[in-house]
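The same subunit A turns up in both complexes below, where it pairs with subunit B and then with subunit C.
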Partner chain A sequence: MRTDILSSLESITRVRGVRGAMIVSAEEGLVIAESSMEGIDGAAVAALTAGVVARLARATEAAGRTAPAFVHLRAHGGGLMAVPGQGDLMVVAVTDPEVNVGLVRLELRRAAEHIA
Partner chain B sequence: MRVIEPWVAEPLQRFLAESSARVVLLTTASGQVVAQHGFTRALDVMSASALGAAIMASTEELGRLTASGASRSLSHQGPSRGLFLAGFDLPQGRWIGLVVYDRDSSLGLVRLFFDRLVKELRVVAPTETPAREVLAADFENELNASLRSLFGR
Partner chain C sequence: MSIEDIRVLTGQLAADPSSLVFLPLGEALRRRGQLEAAEKIAIAGLTRYPDLADAHDLLARVLGDQGDLERAFDEWDIALRLDGRHAGAHKGIGFLYYVAGDLPKALEHLESALTADPGDEGLAAAVARVREALASPGTAQRPSSPAVDGPADTAPGPSSLAEVGPTVFDGLEGAQDGLLLLDAEGLRLGGGLSAPDGTPVGDSVAAHLAGVFRDAERAARLLSLGPWSSVAAETADANLFLCAPTQESLLLLVRDNSVPIGRLSLQAERASEAARRWLERAT
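Let's look at the complex of A and B:
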């Protein structure tokens, strides 16, 4: 595993409230790399997140808008954030409910630029 | 969707809804078609069943030769459609699942929900039917019999 990819993911998981981060193949919905995903089914998160982001992209494109640059899914028990990167890659973070969304978003964008 | 074994219907229906797969074929290793969705011609089911069984047999043998173990699944990504093929064990013996998906789904989603399908089948599968040895001579007979049941010919 490339150390720069892992260090990008660790920058995300260092943010308080982030339970894990991963790089996902957006088209196939498969995990490329992950960090601190204890207790989380990474394969399921990757597959389902890629599916949601792909459908959102299609919905926004159908509405005449560009594909989303940032996706934030909020639930009672926590949240999920995704930033599509260049090509087929996507950076995903699984978070607690109380998390600094702006900071996580910043780190996700940095990671997405880094892996491009 | 058409099924020969009624206990397969509910888990398979759930798999189809969750994975958005376009085509699904469940067969036994001996060539009996257990369920299918998305095929309109018996000939296509016959070909897919025979090819799926042959591919699984080849990859399992390759796994033995290279000491990488028996193949659990394999996938092929085409320009617009993907193919997922997996073998799994039930009390009835070894079964093979063939799934075709397009851009409404992904390999990750198909793998995720196929694993759940297998778990559900293991729960609902009747246990009184013993697994039996697969003989080459049985393959064609069982395939033809199941196609007659599925397509009424």
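Let's look at the complex of A and C:
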């Protein structure tokens, strides 16, 4: 199981422009596993991404919609992408500004299926 | 109102030019952003019914949407002379006084509108906000944000204050439902949003999004990603796109999930431009 997770994360980080990937506990905002997160504060990524996704989930619920299945925070110097898996876990990627978003989303979804 | 409905109304008016169907037709065209056509219909109606307050109210709304607030004021003033209890005219003039920063007069007209139309929840909310602003110590002018705008998502009908003046997203797809402009404190400034069952949810979604605004800003800063530019989210039944037209405002665009995120991004750019122009005029 652990090997599967790491293998999934490595598939994400192999995409050009991905600086790191991790599995996060959405409820607690804690890191469960991570890959290639050099120079990135994994704990901060986990906590902040969990916060953004949780707030968005409350907003979509208020709008009568289902919870987000993919979230992309885009900033001038890079981005954060998250795909909630089953239960409490969420797969997160930190990216450069120039990245193939579609490809990263695909790998995030694959990883989310593995952790389901 | 669908294009087909507009065709039917146009046909009815052509068959009977003296019909009062010009009122719903003009309003439908205005809501679709077809302001020139709406103005022609309103003026044609007024030539037949110069003493009809509703016709002056219709023309005033169209003029308001065109940004001609002076002429809009004149038309609403005429409407009030013809019918001193006309809710739409009181609401319109209340809005214009609000824009001009004269809160006591704005409140006077909004209260008159509410007396004439006590069931208008958006109007009641606007009255409450203006009263609150007047009660705030040191508030001599209107608040910095035009939070007096009523919920546009309480349509149908000219039921919200946002609809009597120039609305934020006029001419854009989803101007009344699916585009929401809010301030950094989670107060809706314009636009509207409905749940799939038609329930207006603009105000409650705006309240939640203020937190997203702060979290996105904090995440981008703490992770050294630079200023954030957007947040996109996909759900099972809808795609959402958030961006900040100005430092103090947030724009939400919601479409069903057949509209790809990339297209939402383009639509959001246009809506952001409209929001910036509107905010410049309103402040």
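Just so it is clear, the second predicted complex is superposed on the first by the 115 of 116 C-alpha atoms of A that agree within 3 Å, B and C clash if a C-alpha of one lies under 4 Å from a C-alpha of the other, contacts with A are read in each partner's own complex, and residues count from 1 in each chain.
As a working rule, a residue touches a chain if its C-beta (ideal position, glycine included) is under 8 Å from a C-beta of that chain, and two chains touch if they have at least 3 such contacts.
Since this is a predicted model, take the numbers as computed values, not measurements.
Overlaying the two complexes via subunit A leaves subunit B and subunit C side by side, clear of any clash. Once the two complexes are overlaid on the shared chain, A:44 sits against subunit B and subunit C alike. By the touch criterion stated above, A:52 is placed in contact with subunit C alone, subunit B being left untouched.
On the chain A superposition, the C-alpha centres give an angle at subunit A of 90° between subunit B and subunit C, rounded to a multiple of 10.
Put subunit B and subunit C next to each other and count what each touches on subunit A; the higher total goes to C. In the superposition on chain A, contact of A:6 is made with neither subunit B nor subunit C.
Legend: residue contacts after superposition of the two complexes on their common chain; A:78 is shown touching subunit C, with no touch to subunit B.
In the superposition on chain A, A:103 makes contact with neither subunit B nor subunit C. Per the superposed model, the minimal spacing between any CA atom of subunit B and any CA atom of subunit C is 9 Å. Residues common to the contacts of subunit A with subunit B and with subunit C across the two structures: 44, 48, 51. On the subunit C side of its complex with subunit A, the touching residues are 193, 195-197, 199, 201, 204-205, 207-209, 211-212, 215-216, 218-220, 222-238, 240, 254, 261. Against subunit B, the residues of subunit A that register as touching in their complex are 25, 27-30, 43-44, 46-48, 50-51, 54.
Contact residues of subunit A toward subunit C in the complex are 40-41, 44-45, 48-49, 51-52, 55-56, 58-60, 62-80, 94. Taken in their complex, subunit B has these residues touching subunit A: 77, 103, 105-109, 111-112.
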